[in-house]
Structure formats: C-alpha cells, structure tokens
Amino acid sequence: MTRKINIAVIGTGRMGSVHTRNLARLVPEANLVAVCDIRLDVAQNVADELGIERVVQDYHELLADKNIEAILIATSTDTHAFILKDIAASGKHIFCEKPLALDLESIDDALQVVEKSGVKLQVGFCRRFDKSFRRVREIVASGEIGRPCILHITNRDPVPPSAEYARVSGGMFLDMTIHDFDMARFQVGEIEEVYAIGDVLVAPQLKEANDVDTNIVTLRFANGAMGVIDNSRQAVYGYDQRLEVFCSAGVAMAGNEAENTVVKGNESGYNSARPPYFFMQRYAECYVAEVREFLQCVRDDMSPSITGQDGRMAVVLGHAAWKSLRENRPVRVGAGSPRPK
Amino acid sequence: MTRKINIAVIGTGRMGSVHTRNLARLVPEANLVAVCDIRLDVAQNVADELGIERVVQDYHELLADKNIEAILIATSTDTHAFILKDIAASGKHIFCEKPLALDLESIDDALQVVEKSGVKLQVGFCRRFDKSFRRVREIVASGEIGRPCILHITNRDPVPPSAEYARVSGGMFLDMTIHDFDMARFQVGEIEEVYAIGDVLVAPQLKEANDVDTNIVTLRFANGAMGVIDNSRQAVYGYDQRLEVFCSAGVAMAGNEAENTVVKGNESGYNSARPPYFFMQRYAECYVAEVREFLQCVRDDMSPSITGQDGRMAVVLGHAAWKSLRENRPVRVGAGSPRPK
Amino acid sequence: MTRKINIAVIGTGRMGSVHTRNLARLVPEANLVAVCDIRLDVAQNVADELGIERVVQDYHELLADKNIEAILIATSTDTHAFILKDIAASGKHIFCEKPLALDLESIDDALQVVEKSGVKLQVGFCRRFDKSFRRVREIVASGEIGRPCILHITNRDPVPPSAEYARVSGGMFLDMTIHDFDMARFQVGEIEEVYAIGDVLVAPQLKEANDVDTNIVTLRFANGAMGVIDNSRQAVYGYDQRLEVFCSAGVAMAGNEAENTVVKGNESGYNSARPPYFFMQRYAECYVAEVREFLQCVRDDMSPSITGQDGRMAVVLGHAAWKSLRENRPVRVGAGSPRPK
Amino acid sequence: MTRKINIAVIGTGRMGSVHTRNLARLVPEANLVAVCDIRLDVAQNVADELGIERVVQDYHELLADKNIEAILIATSTDTHAFILKDIAASGKHIFCEKPLALDLESIDDALQVVEKSGVKLQVGFCRRFDKSFRRVREIVASGEIGRPCILHITNRDPVPPSAEYARVSGGMFLDMTIHDFDMARFQVGEIEEVYAIGDVLVAPQLKEANDVDTNIVTLRFANGAMGVIDNSRQAVYGYDQRLEVFCSAGVAMAGNEAENTVVKGNESGYNSARPPYFFMQRYAECYVAEVREFLQCVRDDMSPSITGQDGRMAVVLGHAAWKSLRENRPVRVGAGSPRPK
C-alpha cells in the first residue's frame, strides 16, 4: 500500500467538520492524526465521533510536531492569512479553505512566506473537482468544439444569509461570486475586465450590510472570449448550479443535479425533483476529491492544480466587481493587479 | 409546377374533415374537387368553409366522374369494405382510413377486388409518418445499433371512450392497439405470436361492452426479437405516445412531444408541460404527410408504402390478441393467417 | 362566419412570401386580394402558386383601392418608413415587419403620421407569439413566482450573415439583438440602461462591415430587475433560442424545441436531436399567429398588442447598445429617449 | 451516542468486500468486529485495508462469540441456506444477500429455523433502498395518483456474464429478474401469474448454459394491476435501470441516473452522458442504506422491512418464469406456492 500522509485539521466548524469526516473515512491517502479548534469542545466532539486521538486548542502545538506533514485550514476567513504564514514557516504543506483573505495585502504577505518556505499550498476551490464541470473543461480544453466565445455561469443559493454573515464575508462578490470567478478562470482563462451590476431585491436585511443579493457580472477574457455570471441569494427551487461554455464549433453545458430521477405526471403536467439542497450536498464528492489531490501531490511531490495565485486572483476579481458596481463602469483587471514581489 | 391529382373525400366527420381541410390547404399535390357525406349538411358545411364547389350525398356519383382520379375514404368502419370495392371497380385510386374492416372476410373480399382492378390502395396508419417514429426506424433499419431485441410501445389515450363507441369499434385491440401492431411491424417486422392480458380498471362502462381499458400485449417477431405493447384508455396527464427499440448495440427511443418547452421551478420542484392533448394534435402533421405520399404515388405511378396487406395484418393481430386474452394463452399468427387467394 | 378582412401584401421576398402563403392558406380572418413587389415576376410567382388574382408592381395602386382594408409591409427595411406613411395617409391598417427603420428620425416621422391617421399599426415581433415564451410571460405576469430578478435570453443563429447583409442590416444589435430587446420588454418591462460588449470571434467577414458576431448585453429594468442577453451568429448545433426569467419565488424557463424527440443510446452516451434549423422553422406558427391577431384587431376594432412605440423602443435600445459597445460604458435609455411629439 | 451493534461479515468477495468497507466506514450503527472467508487471504486483505482486528476462516468460530450480535452473509449462493440455519441456531441476527437459495426446499428449511429461533432476518434486495424507486413507491402508495394499472420495469445489464457464471446462478430469471420480481412486489403487491418469453440474442455462450440473455415477463397482480419486466444482458450504452408505475390518476417514473450532467452540442445534435456503469456504482448508496436499516432494526428491536418471505417469493417467481418460458404458457403463482409450515 502507498504511504499515507499524516495530516491535522485546524478549525472544525461547518466546513472543517466535513473535511475531518472525509479525512477519517473517505480519504485513503490520509492518516488524520489531530484536530484543533479554539473551541475545544467542538473539536473534541468530532474527534470522539471519529476516534481521533489528539485534540488541541492551540494550533501552534501542531506546528511543533515533526510527525505532521500537512495541515488543512478551515478556520474563519480572517484568520487564514496568519495561520497560513505560521504553518508555512513550520515547513508543513497546506490546504486552505477559500478565500485566502479578504484583503490583498494579507494574501500577498502570506503568499510570500509560502513561496520562500517552499511548502505546497492548495486553495479550496472545490467546484473545480465537480465531475460535470471537469467534463465541460475537458471538452473545451480538447479543442473539439472550437474556441470559447461565451461563458455563462448560473450560481444561485437557496436562502439568503443573515446581515451578520454578510458583514464579515466580504459581501456577495467575495463570498459567493468568488467561486464563479475561479470557475471562469478554470474554464476559459484569465479575465481582463469586469462589469458588475447588483441590487437588493429579495433579502432586505442585506441592505444594512451594504451588500447585494442579486447580481450580474460581465467578463472579458484575455483570449477574446466573453462571459457572464448571474447570482442570486434566493432560488426557492434549490441550489442552482449551471455552467455553459459556448464555443465556435459547439457548446458544453453542465446542468443541475437532482435529488432523484423521478418524474410524476398528472393533470398539472410533469413534476421532477429539485436540485440537491445546498453546497454541502451538491459538492460533497468534491470535498473528498480536492483533499485527495492535495495529499497525492504531497506524497508524490507534485504541484497542486489550484495555487495561491489562483486564490489571490479570485479575490482580485471580487474587489474589481465591487468597484465596478459602485462606480457603474467596467473595471480593468490586469497589469496593475498581479501580485507585488 | 407538377400535376395535381383530382381527389374527392367520402365521409366528412371527425377524421374526414381533417383530411378535407388538409387537402384544401396544405397538400400541394391535391386538387380537391368534391366532398361526400350521407349527412349532406355536414359535407356542405366543410365545403362552404373551404370553398369546395361540389358536394354530394351519394358516393356513387363520384365514381361516375371520369375527372376524379383518387378518393379518400373516411366513413365509419363498417362501410369501408363495400365502398372500397366500389371505388376499386370504378378504377380510382384509394386512400382508406384504418381499419379496413373489423372482419377478415370483408377485408379479403375487398382486397381481392383491389388487386384485380390494379388501383393503388394506401391504408391510413398515419403514425408511420411521425417524424420521431420514422427517425427511430431509420436508425434501427440502418443497422448502426445492431439487431432489434426488445420493442416497447406505450400508447395511452387521455380519456376513455363511451360504451357505444367501444361496441362498434371492435374493442381496444382492433381500435387502439391496432396502431401499435402496425407500428411494431413497421419498426421490427412480422409478428409470429401474441400474448395479451387486459382488464377494465378505470372505465367501468366498458365492461358492458365486453371491452377492456388496460392491456399488455407481448409479441414474438419472426426475426427473433420480442416486443411489448402497453395500452390504457386513461392517462390523465395526456396522450402518452412513446416507442423504444432496444438493440444489440444500442437503443433508439421516441419520447413524448410537449405542449411547450417551459419548465417552471419552485418549492415543489420543476414542472413541465403535458403532451399534446390527443391524436388530432399529436399526429396533425402525419395526416398531411400520409396523404401527400399517397398522391405522389398516384402522380408518379409508385406503390404506396402502406399496403392493403398491412391493413389486413393489423386486423389479424387484433383478433389474435382478443383470442389470447379470452383463452389466456399465447396465440400463433402465422401460416394460417395469410390472406387466402 | 365572421367577416374576413381584405388585405394585400407589399414585398414578396423571403418574409413576404411566408406571410403571403400564410394569409392565403392558414389565416381564416384574411381575404388576400393582392400582392405587390417591385420585382413583378417575384410577386407573380407567389400569386400563381396560391391563385391570387391581383398582382401589382407599384404599391400606390393598392392605396387607391377602397376595397383593401389592411396592408402587410414586408419590403426591405430602408423602405418601411415611407411606405408606412403612405399607407397610413390612405387610411388603411398596417402590419409592418421589424425593424420600422434603422434611424429614429424616420421612425418618429412615420409614427406621427400613423397617429394622426388613426389607423392601426402592428409591428412584426413574431416571437411574442411563441407558445413557450408566452407561457413564460403568463407565469411571470401572474405573480405566482414573485417579482422578476434576472432575465436571461440566449439567441444564437446557426450561420453568420454575409458582410453585405451586415452592412445594410444596422449591424448585430439592430438586426438580431433587436428581437431580444423586444422580448426583454415583453417579459419584464421597460429598460433603463444597457451595457454591451461584443467582438468578431467567428466570422471575420463581419470586421469589414464594422459589425460584431458575438455579444453580451446587460440590462437594468425600471422595476429593478436585471437582465442579460447573449448572442452569437454561429451556433453550429442549430438555432439556439432560450429564455429564463428568474424571480423571487421561482423560475420560468423556455428551452429549445427539437427536430424530433428521438434519443439514441450507444457506447458514446445518449444523442438527441438539434433544434429546428432557423427562424423560418422555429417561428413558423408565430408568423400565422401574429397576423391573425392583427386581423382580429382590425375586425373587432381593438388595439394591436405590439405597437409602433414597441417598434421604436427596440431600435432605441439597439442604438444604445452600439453606443455602449463603442464607448465601453453603460448607456442610459430613459427620459431622453421617448418619442418627441 | 446510540449503541453500536457488533457485527461480522462472512464472505469477503465482490459483494462481501463492499459490505465490509461500508460497515467499517459509512455505517455509524455498526461496530465491525470480524470478517470471515474460506479464502483466508482474501479476508485478511480487506481486514488490513480497514484495520479490522479479527479474521477467521471458519464461520463457526463467529457463532461461538457471544459478543457478536449480527452477521452479514455474502458467501456464494449455494452456501446461504446452511450458514443461515447455523447462525439462526446460534441466536444472532442475519443480513443475507439475495437469493436465499436457488431451490425452495432449502429456503423453506432455513426459514423454519429462523422462525423458530426468533432472530431477525433481512434479505439484501438493495434496490428497495434506491432513493428514486422509494420516491416512486411513496407517490404510488400515497394514493395521490390513483390505483396502479401498469408497472413497467426495464433492467438491462451492460455486459453478459460467462457461461460458467450462468450455470451456477440459477439463470437469468433467478439471478437478474429476481430483483425485478422483488421490485414489482415492493411497488404494486403480490403477483398471481407470470408469462415469460426469452431467448439468446446477444451472448451465444449462454446457450450452452441453457440460459437466455433477453426476456420479457408479463405479470398479473392480485390487485388487478398488470406489469411487464424487460431484461437484457447487453445494453451497450450502460446499466439501464428504469421503472414506471402507471396509475388511474397519473404516472410515476424513475429514469436512469447519469455519470454527469454535461450536454455537448455540435453538428450531430446533443450528446449526454451514459448511466453509471453497473450495479456497484448505481446502487452504491443502497448497500449502505440497507445495512443501516438492518442494524437499526436490531438495535431498536424492530422488524426488517425485507423479510425471509420476500426472499422466498422472489425465488418462487423466478421458478415460475422458467416454467412459463419452457412451457410457453402463463403460470399461476398462488395458493400452491406459499411456504409450507
């Protein structure tokens, strides 16, 4: 059997507990040796459930452990950058949830430490591991349907967040559209200009948070293609996740998955099932796949496919979208944006 | 412009008026010169609507008219055979609605006259002209998906008929399943044995008529393939018309058409439109296409693709299904059934 | 039977001959009395095919005929405005193909004459009569799925036009997107701002014509909703015509129609049919329906649902899109745009 | 946390290793304490992979262990009955893979021991746990679409088995159709009569084994409904698993799942993905769900929903189908078939 990587998880909240369960049960490449959370009881509960022996409250304890080769960061966004730097300095490989940080200064600072340290860093853009989105990319990248002309991403949540959440999340473009910016880059390539419109149409509480709940972002790609992202915080029929890449010689589209395949027919026509409820259900397989790739890269000394620079660009684009929205004009994302050395 | 064929219609009831309107408006190969109905006012109404000059009550008047080259019979089933013989004797070409007759003696009698006279006869199995069913046949006949193994036809009406209708129609197998017997032959070939089960499950009035409203007929084809037809008189979601030919190297399936392409999503899932209501809507284009083929055959002296023998075989199979149902055993349809000379 | 309206057609080219055939065969409200084309032989051919007695080369002859109540204009776009004025002055009702003209001055000039004359004018935005788009509007307008938030229209032609055609057509926004501007107004309401990007990605010949072949137009509606139109001149899989109105309590989507319902399965997966090839096939029923509504309005003295102002606004939006593209900024379409008195 | 059940697995071949992995990783109700296989190395490999401490070659060792409460039997079919009797005699609860045995004598013998012992027995008809088939049953059982009229099950394997496999499997009706017999009973109720046709159309090697590779089985249910099962051993487009229950007031259909949701469009039309390859992929979730239900029944002293009698009836129906095929006549399955006391 191939070597397993000793890994620990920092942050065992919503996403962290998903990763922890996956590492314990479904990731054959992992040997999960410890979990950490500043709320010790939260970490302890997950550890008990899964039979994990080591539970710590202070992540520095993990850094000192020579036995640990890799760490997964799933803490709150505002702590990512400094934890990331500490881990990189300790020489351990890092899987970090998105976004790296909300401000570019913190990101650039952290990425410089990572670069110097030489550790591997993978950012948690899990949707790149979705089998349908990957299949679209495979078709497009193969060239069999020609050059990309129009990208369309539909990303709509089932229920709006609270104002509190919105306030700390960086707002819709940095919290939600950020996935689409990364997906757009994954499918078509670098983005040179964005134009964003948005408003509060369904969730009045977001007004107080200076956030929006509905938006459309138009994209210009460096290769000449165009794109559009449409987002909403309230799709009452469920988590709407679609993608279309229209090319000069064809089209590739990823539709929604469904809770089941049943069609019921009666006087009202045909009724079919909603999409899986939300990201936990929809992208469940992706959370496993992304961590497996990361650990395979650690094991085989390969570079992860989603880099710190990818994590950074998605934040750059999120900020550009906010600027475009506020100034109601297209905003260039280019020469000025690359990470300073 | 190519020559138009002078044609008359006998019987301007439900199906006859459809054919009459088509001939007047949508069939460029036709010159509709007269309509006939024993209910003169019924014929007159259609003639007025379409500007048809000649209206007669007695079809014999049409037979004497040298100017008329072809006649379409859309009278009640019990009159088909003798009208058919009269027209054939007069030397005019014939398009006859299905079924040719309910009893084989009348059919054989009529077909002998047709054969002697040398006139062309096409039977109105309109579904053979449906673009989707034709496309399935094209795929299957091309051999690209291998040899046929399993045929499945789903044919379900939206509402059951009255007991009166059932009594004169020959019952479900001769009135409704007859289309599927013909379609089965069209798609896969000759049928050697049938096994039928059926019952009254939804329309109690059919019990008095000794009819059934739900049935399943299993088929064995001469080429080794198997088939199944399922029929119901009451599909509350609409006229259900599906076909599947499963082959050794693939499958070809024709699904239902829909009233529109709209999908509505809400908390209850996705809702989509019903199929077109009934045969008048579903097969509207087929009624035009079948008559056009007939007139092209007349014009160019070709043989129609749906022959008297096809009309006869569908009735043979309908009788075999009734026999199978009554005796609860498979019934051979073979050497004994071909038309006597 | 209800009264038929005496109507004539001016222009019997591509669209004109479609309307002429429909009026002759499929529009029971019409009595088609004459056709007119400056290419007399073109008009004569259609007239012969359909048995229309009167054929003229100079449309002024029709204006003098007291017997003619309504005229359908299907000439080249540059002639619409002056013919429209002449007919209005003669007191006959008018069905005019889109666009009314390429310049607003001509449109405003013509609409003033129409208004003074009191004749009815309907503009040929046929897609409003598509059964699926109408069903979407019905759902949205009913309020059952809440307020509109995001409109998405996909409109892609199968093959690009020639540079010659592009030069006289007003370019992509006035020739093609114009339908989508009208559909957007039909589905969601007035548009206040547009932002357009576009480029030549697939049809190099359009560069010479200063046209584009691919575009994305973002819309802001007066009611707060947002929209996006994506267009291409080259969808190799066929004429792609989709529409989605995402609302606060649901979604309504009109998908593509298909040439047939057949699904073929083999080692490569499932294959299903392309959409109908182009507008002539896709919107065939709409061409009949729009003219029927027009004639019913004439007969019953009702106002057509698609007015001169609708025709004008689509052109206003087309010009705004060109301006936005050229200046790379959002362009307001509002107080300044309404038609001057 | 609720109590976990100590369970062991006998037979760690194809299905046994699936169950073993599930019990170790994905079944929170289980405490997997031992695995057993007469091929000790096979059991040892799985145990090593999953960190299971106890591995035995002779299952009698497990029977003596007071600590073990339940045993899962996944050995070859010919050993099910005697192992089942031994376990029942030892007082442990049993989950047994289907079929219980190929001959009714062995089944009746074993079920008598189970009944006397009072242990719980669940039979592994995993498809009853499929979310789509369950949803169909829920709709049908609710009565909202009326009474069942026509059941249609399509069950087609991607590739035919070897002649060796066919010989020991009981043939197509006892190895493959058995699932459909159970599903038919699950969806609609008891079956009173079967009529089966079948042949070797695609896999000549099955002729030597006196087996068939294609069949159609017609069913009559005690409640008056009718049904049809169609089976093939070779669906080259993948594992075809569909189900339709047509009722007096509607229809419920479970379609195929798909490997992904991608649709590719090009000149050839639209292409979409195949179904998941075979039962291991298609029913992966069911294997977990069935064992969880079994263990919950053990834990909470409830009766499993799939009983020994269900396991028996599926075999009864398989034998009836073989008899029907050989005698080419419908075969009653009724008063004579119930299990002797």
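A few comments on the model shown:
All chains are identified by letter, namely A, B, C and D, in their written order; residue positions are counted from 1 within each chain.
Here is the rule we go by: contacts are C-beta pairs under 8 Å (C-beta built on N, C-alpha and C of every residue); 3 or more make two chains touch, one makes a residue touch a chain.
All of these numbers come straight from a predicted model, not from anything done at the bench.
Greatest Cα centroid separation from chain B: this falls to A. Looking at B-C and A-B, the interface holding more C-beta pairs in contact is that of B-C. If each chain is reduced to the centroid of its CA atoms, chain B and chain C end up 40 Å from each other.
Centre to centre, using the average C-alpha position, chain A and chain C are separated by 43 Å.
Centroids of chain A and chain B (each the mean of its C-alpha atoms) stand 58 Å apart. Residues of chain C in contact with at least two other chains: 235-237, 249-251, 265-267, 273.
Residue ranges on chain C touching chain D, taken from their complex, read 235-238, 265-274.
Put simply, chain D touches chain B in their complex at residues 147, 149-150, 152, 154, 156, 195, 197-199, 201-202, 214-216, 218, 220, 224-228, 230, 232, 234-237, 240, 246, 248-251, 328-330.
Every residue of chain D that touches chain A in the complex is listed here, in rising order: 1, 25-26, 49, 131-132, 135-136, 139, 144-145, 249-257, 259-267, 273.
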